[in-house]
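Two complexes are shown next, each including chain A; its partner changes from chain B in the first to chain C in the second.
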Partner chain A sequence: MGWPEILRFFRGPFLKAALLIFIGGMTYRLIRVLLLGWRRDRAKSAGSKVGGTLKAYLKSLLILPFIPWVKRTFPRNALTYIAGGLFHLSLFVVLIFGVPHMLVWKSLTKVGWPTLPTPVVDWAAAVGIAAMVMLFINRFVQPVLRLISGWPARLNWIFVFLPMVTGYMMTHHMFFRYEVLFSLHMIAVDVLLIWIPFSRISHFLFYFFAKTIHGAQAGKRGVTP
Partner chain B sequence: MTAPTTTKTQAALNAFVKETGGWVAGQLEACTRCGLCAEACHFYQALGNPEYAPVWKMEPLRRAYQQRFTISGRIKSALGLAKPVTDEDLGRWSVLVYEACTVCNKCALVCPMGIQIGTLIHDVRTAMSAAGVVPADLHAAALKQVEIGSPLGVTAEAWRERLDWIAEEWEVEIPVDKPGAETLAVFTSIEVMKFPENLAAVATILNKAGENWTVASQGREAVNFGVFESDPELTKVFLGRVFDAAKALGVKRIMIAECGHSYEAFRWTAPNIMDVPPGIEITHIVRVMYELMKAGRIKLKAGAYADAPVTFHDSCKIQRRGGLIKEPRALLKVLAGDSFREMDPCREQSQCCGGGGGVISIKEADPLRFAVFGMKIDQMKANGAQTVCMVCSNCRLQFTEGVAQYNSGVKVRGLTDMVAKALE
Partner chain C sequence: MPDKTIYQQLREDGLSRRDFVKFCGLLSGMIGLEFSAAGKALGAAAGRAPADVVAQALKTKPRLPVIWLELQDCAGCTEAISRSTSPSLSNLVLNRIAIDYQETLMAAAGAQAEEAKRATMAKYRGQYVLVVEGSPTVFQGGAFCTIGGRSNLEILKEAAEGAAAVIATGNCAAFGGLPRAHPNPTGAHAVMDIITDKPVINIPGCPAIPDVTTGVIVHFLVLGTLPKTDGLKRPLAFYGHTIHDHCLRRPFHEAGRFAADFGGRSAREGWCLYKLGCKGPTTYNACSSLKWERGLSFPVQSGHPCLGCSEPKFWDGGGFYQGQSAPLNRPGKVDVGLAVGAGAILGGALAVANRAGKKRGVAKSEAVPPKGKAE
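Entry: the complex of A and B
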């Protein structure tokens, strides 16, 4: 079996299987949490739960990732904020506004959108990779992170890092032939998709639980989230 | 194979499982272990021990949840890779969650996900309490409250004598068990024994405003060591005493005097853990003073404390989690005018004094809470305050002892007392 066949397999049937596992696994986890039961908070409200929730999202989506220093804790953990923020920003730029990824979305959803110029996306990718390296080192240096990070955290890092670095190498035609790198990129993506339901990378979904709870609770008590 | 669990650990695990609804699970699932919450914790900031990171304090809850409820956790347990919760763990975490955490919930504000870490640590306490792994001082105080009715051991007779003495000393009328009263004032034993001027102050203000109020001999204690231990049954028993007294007297509202955790317990927790008598409003003295001033029922001497800088300490349970933020400021704007200075940080972001959550009652935690208090000293140095006031007597006790410990000249006062002394 040559590289073209390998590529065809990992961007074809195997990708479909990986996507199924990803969607099935995440749906299972979502339903599992929803079915654990939710009690209504019977205390009388002192403010607006909806207002508090909106404030919490606006604060975390619009302000905090881009101006991390508004949080007082910033100076003591600047690296986590900056590298963590840049990593997510990079993901957003590359996955949504990179031409090849937009085309993947288009093939899945039939909806396309304008993309950013390749050099911008390319720089975003490089920044993301650099941020990942910093975050990895930080997990070994920062005492709290050392205490709370084990193999799951390291595996998460590896499985997220591989698609990033293979994608970058692929667009720059580094070291290997294009179809080899493309195949490696697709394998890495497939592995990541399969891994997500078993890991904490799933926080992209549960973020909405925690944030809504936080905002609603603050709103209910009449305080700023 | 996992080691057989003992009764202690099993009791803790059962409590964890009972706690785990979607509310808890949804938040535990969101944690990315970024470690940022450590920077919010005053214990970590002051002492630098990584085990004080809030995410680590809730670790037993996470482990129990993961092993019981998640696919990856079950796979790990089956392969023998999961770390089970052991008796040794319980002892270790009991120290972390009772002595190095005031359940101030500042971590929730810093968490990028918004996880209510403080509340989840309180759930860890529930499991510790179920397993009987509670610091001896804290549990002794809880038992005293069960038997005597006060964690400080103030008997009904001693309480009554103390009230008579206060009424005589400050020449105020304190109605006891008055039928037909509208407001039931509930004080803490700390106020009764250590800050008696607070009782006199509340009485002076309510009498001046013509409020129809009373205290109740059957519901005389605001403090709730069930909350500190996080034992739901004890919490209900202590809340129930006050609710029963309120029902018996037919009052329209219960007013908590200068106390934080009991305001939270009555206002936000009670309706969710027990049947509360309908139609009884829960309020706090700072809100009552604010409303009386707004309504013109009490008049304050403007600038009564304007001669030297005054600052206000925001209490976790009254301000950050209780929302009574504008009320003390409105009062202080009148009392101190431009001499009122905010601490940095303040309001919701305020840093806990270090004595809350029952920490102050545990002797072993003294070095921790005093180390934490050093940060409050710095904040008061930075704004040049000569007086600091607050509306929680637990905070006030911590401030009084902390200021002495650091030989600081800052005067510590209850806001209610300041208001009472500035009535026109």
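Entry: the complex of A and C
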């Protein structure tokens, strides 16, 4: 079996299986969370649920992350704040505005959109990789982080880092032939897709559910989320 | 009387000695002859450079008989070679090396043609080169492709038995090509799957670049061996780099300038065709360096993305006009529905089981009085 065959397998049937496991796994997690039960909210409505949700998103996604001194996490651990933020921003830019990734979305959803110039996406990827390396070192240097980091956390880091680094190497034709790097990238992506629903990386979706519910609850009580 | 050498034939045609030397230099370059181990050994023996090795071969060797079989093909590779962009190479192969049997090009037909093939095979047993165009088919004993009432398998095996080497030209012969595309109704195979006891070299492409086919034939004539190949038995001299490596549009790829549509201004100005489905980054062939029509152009230069026609199973390698990063198999609505259903059922069942377990646990803990009170 040569590399073209390996690439065809991991871009084809295995990727399809990984996507279905991802979809099935996320549904499973969602159902488990929903069936944990809901307490009836008997509080009298003192505001708007929608307003609260919007405020929650505005504050936690669009305003607070860019005003570091408001959040107490910044002075306590600036590196986690900056590297973590840059990593998420980099992932967003590369996965949504990188040409090859946009073509994947287009192929799956039939919807395409304008992309950013390659050098911009390229720098974003490099920053993301550097941030990941710093976060990894930080996890071993900080005593508290070291104490609370188990194998699941380390595996999370590995499974996210591998697609990033193989993708970067592939774009730059580094060390190996293109189809070898493409295959390695696809293997890493497939493994990540299977891993996501059963790990804390599922926060990429559940974060938004949590934010919505907390925002709505706060909004109903007329307090700022 | 022994056959005349190629040099003797060329001189009889009026080629001057000076032109012959130039011709040899040109040939050595075109067949990718360099100071490889074989070239060095021959060169050392003759005390000469690659061009002199070619000259020595043409001066001493008689014509190389070639039998060209067409199986499940479209004759596109034959068409290409008859319009070869390199007159010196094609002239040498078509007129001097002599293709003794070629159904499309030969004047003879029917029983006469078959007789010519049999005579060549008998006379040059163990010496001739067998070129195969089109894929052999194995279903029902090869009944899907017959010539003169005989199955293609029988014809191929018979011709390969007495051949010194086998050249599979075009993607169909090299890897099965279009006939092998899903669902492969005729059971098409690659020649190398059928012929396993002879040296086989693949020159894939759709069609194969004629200069590469002729180059390999001339290489065999000059050195008596097939050129060095990669893992897919393709000559490294021509398949050592990808289309992307030497692409004229490569700088636009690096700069992230991608043409969005065919015939638009960006495509005309040379922007990269990656978004339009170009398979250049994973396709090994010499199109972007040798080009076609005397170096005039090649598909990507003319504004069409590379289809990856020199790679195995390129017909089943995703849409031709779909970006290369796109998945090959997309989950359908039914697949997604089943996955969601399975996840929901599993999650629901576990949640119900957990609740039941929790209730039982609570009931049990209430039934057993705390130790302190019992005493």
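The working rule: the second predicted complex is superposed on the first by the 220 of 225 C-alpha atoms of A that agree within 3 Å, B and C clash if a C-alpha of one lies under 4 Å from a C-alpha of the other, contacts with A are read in each partner's own complex, and residues count from 1 in each chain.
Note that in this section contacts are C-beta pairs under 8 Å (C-beta built on N, C-alpha and C of every residue); 3 or more make two chains touch, one makes a residue touch a chain.
Keep in mind that what you see is a predicted model, and the values were worked out from it rather than measured.
**Student:** Identify whether chain B and chain C fit side by side or clash on chain A in the overlaid structures.
**Tutor:** With chain A as the common anchor, chain B and chain C both fit in the superposed model.
**Student:** Between chain B (first) and chain C (second), which, if any, makes contact with A:M174: first, second, both or neither?
**Tutor:** In the superposition, A:M174 touches no partner, neither chain B nor chain C.
**Student:** For A:V141 in the superposed arrangement: first (chain B), second (chain C), both or neither?
**Tutor:** Neither: A:V141 stays clear of chain B and chain C.
**Student:** Quick one: classify A:A78 as touching chain B (first), chain C (second), both or neither.
**Tutor:** The answer is neither, since A:A78 touches no partner chain.
**Student:** Could you tell me the angle at the CA centre of chain A between the CA centres of chain B and chain C, given to the nearest 10 degrees?
**Tutor:** Vertex chain A, arms to chain B and chain C: 170 degrees.
**Student:** Taking the superposition as given, does A:L62 touch the first partner, chain B, the second, chain C, both, or neither?
**Tutor:** The answer is neither, since A:L62 touches no partner chain.
**Student:** According to the stated criteria, A:D41 is in contact with first (chain B), second (chain C), both, or neither; which is it?
**Tutor:** first
**Student:** Going by the contact rule set out at the top, does A:R32 touch chain B (first), chain C (second), both, or neither?
**Tutor:** both
**Student:** Of the two partner chains, chain B (first) and chain C (second), which one does A:P13 touch, if any: first, second, both, or neither?
**Tutor:** Second partner only.
**Student:** Check the contacts made with chain A and report whether chain B or chain C touches more of its residues.
**Tutor:** B
**Student:** So if I take every C-alpha atom in chain B and every one in chain C after superposing, what is the smallest distance between them in Å?
**Tutor:** Comparing every C-alpha of chain B with every C-alpha of chain C, the smallest gap is 6 Å.
**Student:** Do any residues of chain A touch both chain B and chain C, and if so, which are they?
**Tutor:** 25, 28-29, 32, 35-36
**Student:** Residues of chain A touching chain C in their complex?
**Tutor:** Residues 2, 4-5, 7-8, 11-13, 15-16, 19-21, 23-32, 35-36, 99-101, 103-104, 106-108, 115-121, 178-179, 182 of chain A touch chain C in their complex.
**Student:** What part of chain A is in contact with chain B in the complex they form?
**Tutor:** Within the complex, chain A contacts chain B at residues 25, 28-29, 32-39, 41-44, 46-47, 56, 60, 64, 71-73, 76-77, 80-81, 84, 142-149, 152-153, 197-200, 202-203, 205-207, 209-211, 213-215, 217-218, 221-225.
**Student:** Going by the contact rule at the top, pick out the chain B residues touching chain A in the complex.
**Tutor:** Chain B residues touching chain A: 20-27, 29-36, 38-40, 44-45, 48, 50-51, 53, 55-56, 59, 69-72, 75, 108-116, 267-272, 319-323, 325, 345, 347-349.
**Student:** In the complex of these two chains, what residues of chain C are touching chain A?
**Tutor:** Within the complex, chain C contacts chain A at residues 231-232, 242, 244, 253-258, 274-275, 281-282, 311-313, 317-318, 322-331, 335-336, 338-340, 342-344, 346-348, 350-352, 355.
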